[in-house]
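As written, the chains take the letters A, B and C, and residue 1 is the first residue of each chain.
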Amino acid sequence: MLDAPKATANDRRIEALLLHHALGEFNNAYAAALDEQRLTDWADMFTDDGFYVVISRENADRNMPVGLIYCENKAMILDRAVAMKTEMFAPRYLRHIIGNVQVLGEDGNGEIRARANYVVVQVLLDRPDAKLHQVGVYYDRFRRVGDALKLAERRCVYDSLLVDNALCIPV
Amino acid sequence: MLDAPKATANDRRIEALLLHHALGEFNNAYAAALDEQRLTDWADMFTDDGFYVVISRENADRNMPVGLIYCENKAMILDRAVAMKTEMFAPRYLRHIIGNVQVLGEDGNGEIRARANYVVVQVLLDRPDAKLHQVGVYYDRFRRVGDALKLAERRCVYDSLLVDNALCIPV
Amino acid sequence: MLDAPKATANDRRIEALLLHHALGEFNNAYAAALDEQRLTDWADMFTDDGFYVVISRENADRNMPVGLIYCENKAMILDRAVAMKTEMFAPRYLRHIIGNVQVLGEDGNGEIRARANYVVVQVLLDRPDAKLHQVGVYYDRFRRVGDALKLAERRCVYDSLLVDNALCIPV
């Protein structure tokens, strides 16, 4: 009997750990979808009302809404994914490294607030060296849809002041 | 009855995992405090007798003690944090990516020895591109203080031979 | 009684988490062995029939087999490790950051398929700044040998088109 409260505390720690791990798995699948340019898979990781924005730290700090990419729902995100096929841009490789995943809390509506740091390294096929393309933070709200997690919101706030070359593929 | 030893071995693995996770959470909070320039929050992550040094791999390999930053206790760390307000330096963004967290063991006094790799990316506001500012290893001793972990020691051993611009904000 | 299926599902999630953690621990030890140039420790992380190749994304995408390093078994890997002592190259520091570890599945023979993203930062001792040396993906097959994990295969597929300076130390 004496062990019961301890077991419960441990269960809560394990539950927190499993949630943290699930967000990590999500981010790894997200990175792989973008790095392998499977953009409809990427779009499918958002909820139907999913919000996705890529915005500079300067603008985010001042509550300015304008971003490099701004999508208010999944249709816009999917549009962005499909538009890639018609755009002209120099061929390139991207590699996302996502770390420092933090679960910040759970809202009343069951959404999970989280953040993570990201680094995107880019190699342009006509320039040989790998470059830091973008560095920043994902500010997220995750929603459980069936057994899966989906992004109800991902705000990508980047530190870099200049976007080298162009932001063709989402971050 | 047959399952009991197996359950115990599994419990130990889970306990190790929970500790590893707790150190990861600590490092993520540490990175966020520095990246958001909340330096008194940063100083508060050390014990009163906390030791903090930033030293080159060259010096560390030769057991030379001199570092870029050298603080023998929390008062010195706090002094460093507060001094930032009076210093003049070009505005900048930092982003810490902390990975490869390893728990190395537990000392007789209950302190946890650990290490992690770190990358600090810096953006100077008058130069547009993100740069690798510092890369290295944290060699740590953690102590449990109530329910929390605090750093009794963090030795930041950096690989880079030149510190670009200046080391204004701790790593 | 009602809790039994739930406990089992949770057990499976915990088991998956423990495996993920074990691969992370393995990769951290792997990185430390290379960063500290303990190359025989590195070679010992492979099975006797271990396959190790470092290959460009260009070649890997086209199923071309030629790589910068190509070892078909542990003897060749060990040979590579020992050969380092007779090679001439400029002194350097390396730092491996391994992230985005994903367990992809378990084969019929009990081998675990996995992947991870890696970044290698290099500092040449006669040039002061840290550079992105290589960025890519590890495609792995792990085998359980006793209580330990060993690499039955690690294919390092790198994005960078040019290898700066030389690839002296494995990735």
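Note that contacts are C-beta pairs under 8 Å (C-beta built on N, C-alpha and C of every residue); 3 or more make two chains touch, one makes a residue touch a chain.
Small disclaimer: the values here were computed from a predicted structure and weren't measured.
J.: How big is the rotation relating subunit A to subunit B when the fit is done on Cα atoms? Please round to the nearest 5 degrees.
T.: 120
J.: Quick one: compare the interface residues of subunit A with those of subunit C and tell me same or different, with half as the dividing line.
T.: Different, since under half the interface numbering is common to both chains.
J.: Can you work out the whole-Å distance between the CA centroids of subunit A and subunit C?
T.: 25
J.: Specify, in ascending order, the residues of subunit C that touch 2 or more different other chains.
T.: Answer for subunit C, listing residues that touch two or more other chains: 14, 17, 97, 99, 119, 132.
J.: Using the touch definition up top, name the residues of subunit C that touch subunit A in the complex.
T.: 10, 13-14, 17, 20, 57, 97, 99-102, 115, 117, 119, 132, 134-137, 159-162, 164
J.: Mind pulling up the subunit A residues that touch subunit C in the complex?
T.: 14, 17-18, 21, 25, 27-29, 31-32, 35, 93, 95-99, 119, 121, 123, 125, 128-132
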